[in-house]
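Some structures to go through are shown next.
Okay, so subunit A shows up in both of these, paired with subunit B first and subunit C after.
Moving on, here comes the complex of A and B:
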């Protein structure tokens, strides 16, 4: 992106007379960037590299698209975002922190009750940097994974939602880079550069976490990703929002407001797929959801395949929580750098000395819930909270079946199903939790996970539908438009 | 009237992201494993939760005689119907348009001419209402204020543009906003709020800007030998660029335009009653200039010089909008009123009236209402239609709207 187009973008925004966020500067922010010249210069030199990254790794061939996007323009809930058409390279990525809570105390660990840190405590520098880098690495990774999806968008509405997710992941990268550059000196600047150099699924320089090196080859995968994998992001952000390092807490709190949209895209995306399949089955008088061929003849996603996608994305995303029993997680909690989901609402001493937490483990060939020190079970607990959070959305999906009178239910696979990390990494387990041999796994895994044939079928449906107000045949229209726009609203203007 | 307005979350659309609970300054939002819900005893309608919600599920309201408890809300798979608990008493209608008594009273009078409850068109966009009230108004900045009628004529009508900066203030065509003039009246009380219909479309007086325009006629008249000057209209007409104005609203959830391109919009107005029609016309011009639905405007004034926006109106092509500008004080011409023009082209009008795609809007002085209604009746009669049946059908399908003052 040229110097000119950057200033052109600025020009239009200047006229909007922003109050809270300073859009006169190159980098919109509410962190008083103009008074910290060293930081400002560091970020200004990072910005062109970010734009270069966006160009080569962001949504492909979309530079001239005018997209109806939400831009965060402040942190006050009444006026935090505005909607307008924008070309994505002109999106105002910036640095926004939730308002400072005066008198905030460290909510957990051995420093509980002490005032929160405004600077990095020296003893935790390395641990904190790692937390920020791992979180930061996921943000550009998902944009890379979704680079080509817009070419097969099932509607302009969905394409717009994809782009919204992409630009906001970009902003979340900015949020983490701000922390690195401001608080971690030279190391931080190097990490910030490295975030732009790693690439999803790159053999030499892959992204840090496994799930972020998986392909997002089709829209069904995208919806599953935003439901399952972005939900891991939500849980991590919720935990980091509890951090005793206040700038991290404030960054993550604001990021959560945007992350909610990603959950929305996933949950309603799959719900619309289910709705369409149920409608098509009812129209055709098909009652047996297991009659895959008959349902596929209708040009919609058959429900057993949907269940397989749930099995895959659910288990891959669970791996993101790391080992259920983890010293690193214990240290981060104890240090007050990362809390638990809803830390301040949990009724305990928030220090967990002597407390226990039941962790599902394999003992003598059986799954049992074993009490382990709660401090080392921080990840296990977050994973349980995550599975419960997923279940909330799955219940809503199942209500669609119920309403349509289709006899089918989506279920989550057993916690030990298809895991690569943690307690169950070395065993083979069915979705029902039956332990089987590797040989049996290899023979039967297509019962639970998509076959090549399934993927080919899904791909065959991925034909773009770019007329405003129209939707591809495998997905229902949404119940309400973005920002209350009418059904035939042109969410993306394609040059 | 003991009905209350309750804030609810639609469980079918909510994705339980917790944003509202996190945002609520009063901890009025809570959840169980199933639903996120609003505690009616704690919610004070600050509406902080509305914009951050990614789904729109948060923006639901019901008028009820008793608030739904948390337990009831936790048990829902879907929201109860609009009328499940809503009392039939029509006095509660206005509650869905506003929740301040002083606004409700004004709207009640303004809509009395349609003779009963009328729903918005099926394709209308969902309006935001009551975002700001007298207790917590939003402050807008005047970014433009100029006279739009010929200065040689008595009628002094101003076009006032207000900018809302980064404040959330979404309006739809046909909605009104409240203006609170600064200062106090003779008895030391704050001035009454005045409602003004918005004259610009939803995407701003300038497209993409967070601003709107009003059409304000300066009220000056003689009463028993004294010159009376309307408080709010003079306040607005005298504002300078950069001045700050306290605004409430938006208000109104029925007098809204249909959004579908097949809708014919029949607009009848006098004077500043043109404001909502300028908004609707401009919306269609910007977003569906080639819509198959017809636009037809009957606009009455004394002279062309006193007809607000005559310049920009004349620029609109006849293909886009059928303009019937009617003048009652032209030299060397008989006085003609809106209803006369309606009668003189009755066959065209009748065709429009018969179409289920036609939406009628009447806005202006109370005095015009009866004449227009008589014209509709006579046109119907000539065409062998029964006006009261026709009007009834229109009202039932959200196609007949009156706002007069």
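Moving on, here comes the complex of A and C:
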């Protein structure tokens, strides 16, 4: 999977709708900032606070690093970004919306077929603001979670990718803040400030969603996070891209182009870890992937541990979808504020009155798929779509084993495994979907989730490798460089 | 279209006569002159048309007849005093009309008590024949109830046994709270269809005096003269005429000289703008000059127009869920009138004007619509007009100037008006009610008396809800209106009524809160209004069928 193919989503945009970013201003944008006094003033006062936040909560001790970053310069699918060395605090976080689709109609819910809203409908103000705030809150959260990772980067290439993800999450925060201050007046400005005041894992002011208060202590976690958790972000953006509130839809459509890179980082990161482990095993003549000690002696990540990381990040990320059966989600869909994944491509009435959707539930001790009203199963459906989407990447990982001749497969855990939210929050289930007692869970959970010992081992591998063209021993080099740069390219000039 | 304007020459149901300090208000309901079709007003029963005239009479007694110190209320029909609200009318009316009707009749009863308490214009009720239901409630609003001691005269509240609704005009509350009837006796009384007559009515405190039929008229006159003698009302004062209101009604607007109402049918919003007079205050403004202007004297004129506009909106514009109050004009002019009226409280007319504003502001407090105030450049929320800000559910004040307009930024000016003369129905001022949890803020406001307070100052004092600037204004107000329009009107009515009247409880708050809430509930219940309910079956001889579960 290349970045180009991931960004193909932009192909739906009309090619003649290229809008140039106005770089003459402090804030790059294609939203006519200079003529919108309220917005300009609100953002100009928010921007210094954002920079302060970046300094205290963004990548640590990297201020003078010159990083080979892409910056969004427009929304034309053919050339929306340019690459250059930048010091990160000088990154130009801007506001870019996918071009307006003339004649766009609300795709779902009770307002289906009505022209999309260009202003917030007062009736849905509170619901819409909540959606934007929750989405916005995840963006700075992940930057905070990844603050110290650059200190243990396995290469300059990976360090650069981390920073790229970080600055773009920052830009996504800008995108949500734009919506808040432009369309929600006073409360919007207050919420925009609050986004900078909450902190990941802060005891008093934590981020809103649980997964964004978990640690990202090592690079394996980072790759897993970008694969699994950022993919939740992608699914949320996909459904918000269907919003009847057009500015939200346009914001999210453009964010999706950037989000693709984040999943690329996760997918190829894990693929390179697998590649390196397989290569090392083959070199050492180890065929039994379960021989953890032997593999660890090679200084690479053993595959069962990798599976445990998948189990953890997969299930934590699934919790981000909320309760499978949810009145809030039904309301948001019915109001036309949030659609389903690929809403316009689904062949139904897009209103779902009387329709049903099968939701996996525990009934009399067995998992069965039970038809529930489709409106209230919006989250369940998005979660199913997400699990399918994850499977694509996992398949490509498994190809690596196949090619290397190592007998191992990464699998996704059962839907009910280790869930804190939704249908399965109160039960204990193995990765294979066997229902067990709490006691048994406590005895056996190290079969499926990393132990302290596993984590200590992973940490022991996290030694920085900052020479250009070189990679830490637990990860393979990428097949192609960013922007087709050669293998020994200096992605970050540490100076 | 229900019109609240009338005058004694056009009364169909009442006769008003004068004899020195005594006025007599005789109820003589014309059975065929009804507000709506489908019923007759037999036995001095009433509908809204009867009450509109009563309200007019009470108003005119105060403004046109300062010499009147006692008002005798009686019936011109021989066998009946008043049979209360007409049952067929109630059975046929929409729920909204019933509620509006009850609220208005309650406000009129309160204005009778207000005349007695605050203007020493005393009311004496002379009951000959039966005073049933609303008829007895009318009597309860007066200071002194006399009843003929004959086989025919009785007072009763037969609603519960007969109609399965409550006496809706304060009867229950006044029986125990005002007349202080013992609760067990009140219980007996309120379930006794035929009511109570003679000496027992006095013993039970239901009336003040019974007099044998032959001596009744004489005794009434005697008591009325005694009452008149104890009043401090001015002798020899000349009233002013409440001339017909000038108003122009169109599909989406009502325009009076100083009040305009614009209705937006899409957003279901009425904007009520109160205008200051265009010409300045005459430099030689004197009480004499005010009398010469009579009903055109701005503080009185604008109050009458506002009162009429509110009643119009309540009864004729049921879909208009939100009222936005604005003011427009020269703040100094409003301030000058405000000061003049408050400084001349020794004059009966200036007193009446303040009391009329007090009643009108209470009427606004009690209006079951979402009420907002917009304070914009060019507005004049000064003195009594500033009270509008504290009557509404939320107020928005534009901070700074509008983008292209030359008008200076809006300010609010508090005067003595906000600190005493206009209490709410809970008996305390709107500011005291507003700052129930921070009484010191009332003092802080007082220390800024007569200052032009800009948005920042008003925000700091807590006088307004929000202060968006011109950039935010349109969006904030649009979203507010749209959001409000999406809520259940019933819930808004209930929520607003619960939030508006913090603080002490009075007879008025009990009537408008407790009684009205129960009555509204009962009016909706099958036991009253279903086909087999008591209201529907009344007069058919059939017995109502009740759902026997207690709720």
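Quick note on the criterion: the second predicted complex is superposed on the first by the 476 of 495 C-alpha atoms of A that agree within 3 Å, B and C clash if a C-alpha of one lies under 4 Å from a C-alpha of the other, contacts with A are read in each partner's own complex, and residues count from 1 in each chain.
The rule is short, and it goes like this: a residue touches a chain if its C-beta (ideal position, glycine included) is under 8 Å from a C-beta of that chain, and two chains touch if they have at least 3 such contacts.
The model shown is predicted, which means the values in this text are computed figures rather than measured ones.
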Based on the superposition on subunit A, does the combination of subunit B and subunit C result in a clash or a fit? fit
Does the superposition put A:399 against subunit B (first), subunit C (second), both, or neither? first
Which partner does A:37 reach: the first (subunit B), the second (subunit C), both, or neither? second
Broader residue contact with subunit A after superposition on the shared chain, subunit B or subunit C: B
Under the stated touch criterion, which partner chain does A:486 make contact with: subunit B (first), subunit C (second), both, or neither? first
Of the partners subunit B and subunit C, which touch A:84 in the superposed model: first, second, both, neither? first
In the superposition described above, what is the shortest C-alpha distance between subunit B and subunit C in Å? Please give a whole number. 33
Do any residues of subunit A touch both subunit B and subunit C, and if so, which are they? none
State the interface residues of subunit B toward subunit A in the complex, per the touch definition above. 12-13, 15-19, 22-23, 33-34, 47-49, 51-56, 77, 123, 125-126, 163, 165-168, 208-210, 259-261
Spell out the part of subunit C that touches subunit A in their complex, as residue ranges. 466, 468, 471-472, 475-476, 478-486
Considering the complex alone, what residue numbers of subunit A touch subunit C? 37-38, 41, 119-123, 125-126, 183, 185-186
Subunit A to subunit B touching residues, read off their complex: 15-20, 73-74, 76-82, 84-85, 234, 253, 256-257, 259-261, 263-264, 267-268, 388-389, 392-393, 395-396, 399, 479-480, 484-486, 488
